[in-house]
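Two complexes follow with chain A in common, the first pairing it with chain B and the second with chain C.
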Partner chain A sequence: MVSSPDRPSSRLRIVVARRVVLGALTLWAAVTIAFFALRLTAGDPTASLLSQGLATAQQAEALRRALGLDRPLVAQYVAYVAGAVRGDLGRSLYTQRPVTTVIAEQSGSTLRLATAGLVTAAVFGTMLGVLAGWGGTSLLGRAAGALAGIATAVPVAVTGVVILWVATWAGGLSPPLLVLTRGSNLTLPALTLGLASSGALARVIQSGLEDNLRSTYLLAARARGVGHGLRLMWHAFRPALPSAISFLALETALLLSGTVVTETVFARPGLGRLLVSSILAGDFPVVQGLVLLAATIYTSTHILADAVSAFADPRLRAAG
Partner chain B sequence: MKTRLRRASLTLVLGATLAACAPPRGPTTITYGLTLSPTGIDPHLNASAELGIPLSSVYDTLVVQDPATGEILPHLAQSWDVSPDGRTYTFHLRDGVTFHDGTTFDAADVVANLEYTVDPDNHSQKAIFMLGPFEHAEAPDPRTVVIHLSEPFPPLLDSLAQVYLGIASPEALQTWGPAEYPFHQVGTGPYRFVEYVPNDHLTLERNPDYAWPPPIAVNRTAAVERIVFRFYVDPATRALALENGEADILGEIPPLDAARLDALPGFTLLPVPIPGQPTQFLFNVERAPTDDPNVRRALIQAVDRRAAVRTVFGEFSPVAEAPLSSNMWAFSDAAPFPAFDVRSAEAALEAAGWSTGDDGVRRKGSEVLSLRIVTPTWGSHPEVAQLLEAAWEAIGAQVEVEVAAGFGLLREARDRGEYHLIGLNFFGTDPDVLRPMFASDRLYNWSNVSDPELDRLLERAATTAVSQDERKRLYAEAALRIRDQSLILPIRDYVNLVVVSDRVDGLHFTYQGWFPLLIDLRPGSGSS
Partner chain C sequence: MKRLSLGVSTAWLALVSAACLAAPWLTAHDPIQPIAAPLRAPSSHPPIGTDDLGRDEWTRMLFGGRVSLAASLTAATLAVALGTAAALLSQGLGGAADATVAGGANAALAIPGLLVALAIVAVLGPGIETVVIAVGLGLAPGFARLARQALIQVRAEPFVGAAAALGASEMTTAFRHLLPNALPRLLSLATTHYAWAFAGITTLTFLGLAEGPSTPEWGSMLNASRTYLGLAPWLALYPGGAIAATVLAVHGVGAWLARRARGETSS
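== the complex of A and B ==
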């Protein structure tokens, strides 16, 4: 790492502090929007609670009162925010369990899946991106570019079922392979999730490489005698790195949405499944908790990515 | 290398010897696939039908139902008396029953369970309503329970046969409380609750002490050691889970997959009828043009329901001809809905003043014959709605379909009122399942019907001391009125397509339809 002339660390600190304040505001906005949007668009949550049709109108009203849903919306909102600040996100309407518990017990599985998916995406995406960017119009380069395009275009639901189908078919030929199809096995879900993100990452790296390969500083480097091999590639690759890193950070947040489908297809527990079932069931407190969690992950990964990028590319430090 | 090889061959020999001595044994663990993640799994408090698939074998109920006829049979209660005014039920309980935690079952436990269910702080979503006009319960002696109602409620025995009113250990209820009890459930049934990891799995283990099977079971004690329930929410992956051996039993298999698996060696298809209302659309009788009964009747006639059912549900579902499914004791075949007849439909529309213009669209004056269908995402309603759209556009209507994801949004579409048809049906073993939808003052009167005679029939059948024969007559009359006013467009009797691998044998279901008698499962010929 090259050290830069003026004092970068204090500037960096200011940048990060500004981002943190913005992040906190983002969280508050997310909580507020989620709170009102859910109630205004999805209606009365007791409708879903009582979807069996057995209750009379009076009984339905009694349940609303018992759950505190008869209070004015603003009063409910103030109580919710006050609780959230203390770390109390309320209780599930269906099970009366604390939302924090409900979310915590599903996070481990999603974290494992997202991490494995991110690693898969980083490996495949970098490979494809470098091949496509470096290979240019050669057959290899075009093939890599096409693969990246396919990986982006095909929805996770389709990739997942196809991968599961292929594994089931392969397992019919060679039974030991069946272990891959078991719910606890992470290989196929990670592959499904990783492939989807790798395409977009490959594009980012490819275009970064192509731009840099055309740039004047690379021409200068070549003029200085830096050969065409790996050294030149590193010269071109390094400036492409920050955008790849911020992209990966963005992708971490997007991976969470990818897990929704992946978890469903591979019958895995996790936050994605929890989100879908809670939305469909109208379990507002759980949905709000998940929105808050997603917003937290999103803002914190961005802050982190900005910091890391600043280290990877000294130009960004000066640009502040 | 050498040692390892020797050890391996020793294991082989040992294994072979052991296998020769022991009788052939099947899998001691089977996997049962569930098709949705229940929102909560306490039968006393939650409403999901899915929860009963495992838990109806963890709990015993006071009475059970004959799987074929729905007749009430003894279980934890060996006999019972109903007072002539229909407001007092006295149950005489079986002796020698113990909970999985070792405590002994007696009448006070039944009282404690009922009180837990109706406690307003526990927010019961289903069981409390199944108790109807429940007032209180008492245990005059350890073998007798008396339930007092504020008014007669003939569906009560049916309710008491459901897992939602299964008997839990009051000690466990008290120890854990409503939030944690679901993870530590204790009953008296043939299977013990082991663990539940939401969205992942639920495990049951055989109760070796079980010696009080219901009269509807074949086995006295369960034969399969362990049953693991996993959740296959995505319909596209269910057949795969059976094929790759991850699951042994799975329900709600899409019709095409079900037919394909049935043709494969190693799998059997069990179409299981589910009692309650058929897959159906309710007509909104307050909104033009469906406020005209002749228009509603014409619209029913314009739909080839037989072809629609075959297209969407395959060969397995019967075409629905009544507001109650044909496997219920209260079903009456006296009032089939109008058969497919486009010509009569068009003639009826003409007679009602809706004539076709040059553009092929029917109008009455300047008003266009336009229909708006609201459909939920589940139960293949959207696919059916598409066929309705085609059938009605063919006779000159303009049709719009709105799909509502989730019950909250369906309810919201209902509250806006801008629909002519809305898809909704309830499952249930007692014909009182009709009242929430067709009694004028009830929450799910989404057709907006207001027929004092229909109200009277439904009220009388469920809130007065009447015999089952009389109830049957009342429901037949109600069905006739629902048909004559064309309040619904019935599509098909709900059938759960269950596929079971030959690793498992003995699968059969209760009258309720969704719930298997796990006690009778045994390793099948395909197990190794």
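== the complex of A and C ==
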């Protein structure tokens, strides 16, 4: 590939800078919407404590003052944003512990699950995608395509319970395998999450491969004598790489929502379970913190994916 | 092959909908009253076993399917109605309205659908109605974007230019020419969105966000079955299998409708 004459690195920087500004705006919008939506509809959060008999009227009043809920909404909003910038997301309504601490405690488990799930998804997705794209209309190619479709369509909850059931059954035959069914074991949750998010990646790779296999430069490569085997596949595969990478950003979305379900299936601690239990309990400072965290992760992966694919495909850099 | 999968899909959907609609006539039991010992294996009575509280699983599957199917139908209808309305307005008004719809849909799609739905449940509070609204609103931006594209595709046809030459306003064109001609495509999109709504509803109820332990529903039944996977795996098999089969069947019908909309004859 010929390098672009007008200093691609500076263009790359402009692309990334623009994305960072946009990302910051998105985060601010997410915080604002989440703040007002939760405060305006949830009403007075201490009311639910009162109704559940968890606090007396005086305690509720003291709590309102401690949480700053007696101040005007706009003042609360300004205080929240100012706090969020400093890394202070308020306190949980129930445990009174800082939201950042609560989230930090649970994030290790989710991070391990998401990482393992992403690796599994990348392996399965690439395998299925290459098989489906390369196998074409052969039985193997079709089976891989169908499997990718099923993995995407069937809800994570179903896949997870099936995997858990198979492991329980295998554990009945060979008790040492029962270790796998424990919530602390990462294998089955990672497999569930990985399978669920692999189908979409497989499709991207498959269609990329199919397009490239028909392209003229591949014909040229063949004419140069590159042949049929792995080298030709790499030729077809490489241009499909940027779309697969930028797809990983989308994959993060699948992982984020996938962890919520996977953690519930395997009764694993983590951010997803924290989110669901906080929603059920009406603990809105925690919900708000998690929304902010999800938005942060999501926008930053998008920026990163854009930068990486601009790096992997010189054509995207020029388009900057 | 494709015809076979279409046949199996429609047969399954027809069977399930009919069985769930006719639930009161297909069972003599109540879905929330115990009838036998808990965790009974499938036998002649009760036919497919009992759950952890001794309630008839067959009855619970029938009544549970009603909730799952109706809830996802409502959610999908909400998404389709809102999305189509937005797409029609974007095409009928053009300019700023079009930019708002396109930009708004893209912005909303930047956040994962399940997280949007979870946030909506957080705002409105748990419950099956909330879950329906959350899934419907979560799917609406995606449908709006695809519906807008479908309408724009029709715009390229010569008769749209002819209508404009005859003095039809943009709004009239959108309603009388774009919409009817985009219908086959919209129908296939709506079917696919029904599959997503079904997956979304059962996922949220699986997470326990519908908060109604007494009324059975496939997603919450699947969640309840996890505890007894070793003792009574069939309790997971029924709702899990029904959810998976329904989602795949709807996708199968959606794929067929999409091929028809593209003008491919069935093969």
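To be clear about the criterion, the second predicted complex is superposed on the first by the 287 of 320 C-alpha atoms of A that agree within 3 Å, B and C clash if a C-alpha of one lies under 4 Å from a C-alpha of the other, contacts with A are read in each partner's own complex, and residues count from 1 in each chain.
Keep in mind that, in the parts below, a residue touches a chain if its C-beta (ideal position, glycine included) is under 8 Å from a C-beta of that chain, and two chains touch if they have at least 3 such contacts.
All values derive from a computational prediction rather than experimental measurement.
When the two complexes are overlaid on their common chain A, residue A:V260 makes contact with chain C while staying clear of chain B. When the two complexes are overlaid on their common chain A, residue A:Y94 makes contact with chain B while staying clear of chain C.
In the superposition on chain A, no contact is made by A:S207 with either chain B or chain C. Of the two partner chains placed around the shared chain by superposition, chain C is the only one that A:Y298 touches, whereas chain B remains out of contact. After overlaying the two complexes on the shared chain, residue contacts for A:P155 are found with chain C alone; chain B is out of touch. Comparing chain B with chain C, the partner in contact with more residues of chain A is B. In the superposed model, A:W165 lies in contact with both chain B and chain C. By the touch criterion defined above, A:L67 lies against chain B but remains apart from chain C after alignment on the C-alpha atoms of chain A. Once the two complexes are overlaid on the shared chain, A:L50 sits against chain B while remaining clear of chain C. In the superposition on chain A, contact is made by A:A34 with chain C only, not with chain B. Contacts of chain A with chain B, set against its contacts with chain C after fitting on chain A, overlap at residues 41-42, 157, 161, 164-165, 168, 171-172, 264-265, 267, 279-280, 282.
Within the complex formed with chain A, the chain B residues making contact are 36-37, 39-40, 42, 45-47, 120-121, 123, 125-126, 128-130, 178-180, 182, 197-201, 230-234, 236-237, 240-241, 243-246, 405-409, 411-412, 415, 426, 433, 436-437, 441-444. Those residues of chain C that touch chain A in the complex are listed here as 107, 110-115, 118-119, 121-126, 195, 199, 202-203, 206-209, 211, 219, 222-223, 225-226, 229-230, 233, 236-237, 240, 243-244, 247-248, 251. Residue ranges on chain A touching chain C, taken from their complex, read 26, 30, 34, 37-38, 41-42, 149-150, 153-158, 161-162, 164-165, 168-169, 171-172, 253-254, 256-257, 260-261, 264-265, 267, 275-276, 278-280, 282, 284, 287, 291, 294-295, 298, 302.
Within the complex formed with chain B, the chain A residues making contact are 41-45, 47-57, 59-60, 62-63, 66-67, 91-92, 94-98, 102, 105-106, 109, 157, 161, 164-165, 167-168, 171-172, 178, 181-183, 263-270, 273-274, 277, 279-283.
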